[in-house]
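There are structures below to look over.
Shared between the two complexes below is chain A, which has chain B as its partner in the first and chain C in the second.
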Partner chain A sequence: MHVPDGLIAPPVYFAAAGLAVPFWIVAVRQVARTLDEETIPRMAILTALAFVLSSVMIPLPGGTSAHFSGVGMLAIVFGLWPAFLAFSGVLLLQVLLLGMGGITTLPITALSLGLVGGSVAVLLHRAFRARNAILSVALPVALGVVCAAAVMALVLGFQPAFGSDANGQPLYFPFGIAVTLPVMVLPHLAIGAAEGMLSVVALRFLHRNSAAALLDE
Partner chain B sequence: MSDRWLLAGWLTAVVGATFIHDPVWLSGLVAFVLAVQIRSAGRILARAMLAVAFVNLAVSLAWILQAAVQQQPWLELVLRLNLRVLLITVLTFSMVERVDLVRAVDFWPSLRFVVVLALGQLRVLDRLLEDYRAAYTSRSPTAPQLRLRFAASGRQAAALFDKAEQRSLELNQGMRARGFFDDRR
Partner chain C sequence: MSHRVEQAAVVLVSLDSGPEQPLTDAPYRVFGPEPGPAYSVGRTDTRGQLTFQPDQAGTWRVIVSSADGHGASLTVEVDESLQVPGGSSNGPARWPMVLAGLGYITGLAGLALLWKRRSLGARP
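After this line comes the complex of A and B, so read on.
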């Protein structure tokens, strides 16, 4: 869901940056308050984890695959704010180390996938936790991915409103919401479902390993 | 030029490029940025074109199709978007080749520390993932079923979480043993 620089109008990415900064400040404070002196090494490792998690492939039918975002799973395991911070750090490292994604679009991606996707995952996980273990991971992660895609589609779909040239041609991303919403959301229904299922499988292995480690001790 | 200034210059150039709409100016700037670094120009251009190909092709082809159906002009928008995205990507790859990230963030010790640790841990986790993938490939002489592919990816993600927890604990204990946290108080 990386949007490259150059497709988003400056008023939109400046507004997104203005919106993201208070959330980053809140996230840093929350993480610092709960983790005290361990904050720095833990956040560094979470960032590295989130970075490498995005290299794990989500298997899709027909031998194809998509990249795992891992935000929902990180948010469920470590909480919303550490996951949001780590994911923002990953976006920054991806731009500065690999040239992937975009620096002007970073706040938009961080807000949509990290904050909206992460919040949906955490809230739904809390709501379903007592009812069904599988559903309480698969559904929140899947809906987090779909909601993030919907937010991104709305942002892209508003771009034609931000200016056109003398011939009436848009200056930035040219398609409106009627196009971006189905084009972004429909494929992410499948990707979200697959990411939800993969998160269930991963957490099951993780719990099994933790139980085995406890037995060893 | 220091890494910090290169980073600031790149950021300013990227923001500046998003305000340029004329394809002639944009193509001139792409040529200028490549001419400035003539030795690596071919490599950077190839990397940039590959990186933007998917998004740019999808947007351009969809726009050409829509314009053809509505009998509208399409060339200027396609040139504008492609050249702007290409210019920014060329600028970004040029920055990536030149800037040392650790030196660029040395104005803020905590940030530098996070970056150094994250880069180090990234290699550890990346190597773990590569090991898992290599083992999975060697165990799969034929194309595995979807269920097995899910299990393999799930194991990879779980192993990464497990390793990250372990590394976090080790790192914290190591730093505490060496008095790092006492020095920072």
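After this line comes the complex of A and C, so read on.
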């Protein structure tokens, strides 16, 4: 879902930036208050994993591709605001280093994947915390991915409404919601399920190798 | 309608989302150096390629989008002879840049640890 520059109308990306900036400020304050010497290295490891996961494109039938995000995993372990901030940093590095996505579209991607995806994962994890790993980790992560994809599909699908040029060509992203919703949501059902299971494996590894677990040995 | 078929020099842009994954049938728009509507529109072919024949020198812009939101927004520098000298691609190989990104994340974590230790040490 790394949308390049030029596909989103300026009113939309300006509004997204206006919405994202206060959330980033809240996230920075929350992170400064809550992170400590034990959680900073763990967060760096999971942020690095999210960076690698979201940089690898998985080919899908039909000539398109998708990728994992790692946001759900970050949100479940560290909470929504650290995950949102860390994933925003991942998106910025991907724009600057890999040319994945655009600067104007970064707030939109951060809000959809980082905030919406992270919120869904955190809320569902809290609701199912006492259950098994599938319900408390895999399902929240998977649904977070699907909800993020749905939000991006809606944002992209509304772009044709922002006008056409003199030749009748859409000024921005040319596909409507009837196309973007199924094209984006359906593959992300599978991507979300796979990322959910991957998150279970990663978090179990992290828990087994945490300082507390090592001290217990 | 009359027509003419001839060989011509064009700018060729190739797009893919990975090895053996050309970006096929994706809508594209080509904009010339001057502001205005799209100079050329179409869809990428089965090899993930599009072509256009520039009519003036300057910075041309190509925007390609697939239905899932992926795509590319790139610039093409056309010289006075309406050529694209040397061609271009989007930067160094991916994996060295991924390693660079991991380096930045590690470095930022180190700075965060340093800041945390100083802020803890500064408290009475």
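Basically, the second predicted complex is superposed on the first by the 178 of 217 C-alpha atoms of A that agree within 3 Å, B and C clash if a C-alpha of one lies under 4 Å from a C-alpha of the other, contacts with A are read in each partner's own complex, and residues count from 1 in each chain.
We adopt the following convention: contacts are C-beta pairs under 8 Å (C-beta built on N, C-alpha and C of every residue); 3 or more make two chains touch, one makes a residue touch a chain.
Just so it is clear, the model here is predicted, and its values are computed rather than measured.
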Contacts of A:A127 with chain B and chain C, given as first, second, both or neither: neither
More chain A residues in contact [chain B versus chain C]: B
Contacts of A:P4 with chain B and chain C, given as first, second, both or neither: both
Touching partner for A:L53 - first (chain B), second (chain C), both, neither: first
First (chain B), second (chain C), both or neither touched by A:A66: second
First, second, both or neither for A:L203, with chain B first and chain C second: first
Which superposed partner A:L97 touches (first chain B, second chain C, both, neither): both
Contacts of A:M43 with chain B and chain C, given as first, second, both or neither: both
Touched partner set for A:M184, first chain B, second chain C, both or neither: second
First, second, both or neither for A:V77, with chain B first and chain C second: first
Chain A positions touched by chain B in one structure and by chain C in the second: 3-7, 37, 40-41, 43-44, 47-48, 51-52, 55, 57, 59, 63, 65, 89, 93, 97-99, 102, 165, 167, 169, 173-175, 179
Contact footprint of chain C on chain A as seen in their complex: 1-7, 35-37, 40-41, 43-44, 47-48, 51-52, 55, 57, 59, 63-66, 89-90, 93-94, 97-99, 102, 152-153, 156, 165-167, 169, 173-175, 179-180, 183-184, 187
Chain B to chain A touching residues, read off their complex: 7, 11, 14-15, 17-19, 21, 47-48, 51-52, 55, 59, 62-63, 73-74, 76-77, 80-81, 84-85, 87-89, 92-93, 95-96, 99, 101, 110, 113-122, 124-126, 128-129, 143, 146, 149-151, 153-162, 164, 167-168, 171-172, 175-176, 181, 184
In the complex, chain A residues that touch chain B: 3-10, 13, 37-38, 40-49, 51-53, 55-59, 61, 63, 65, 68, 70, 73, 77, 89, 93, 95-100, 102-104, 165, 167, 169-175, 179, 197-206, 209-210
Chain C residues touching chain A - in the complex, by the definition given at the top: 17-18, 20-25, 27, 29, 37-38, 41, 48, 61, 63, 65-73, 90-91, 94, 97-98, 100-102, 104-106, 108-109, 112-113, 116-117
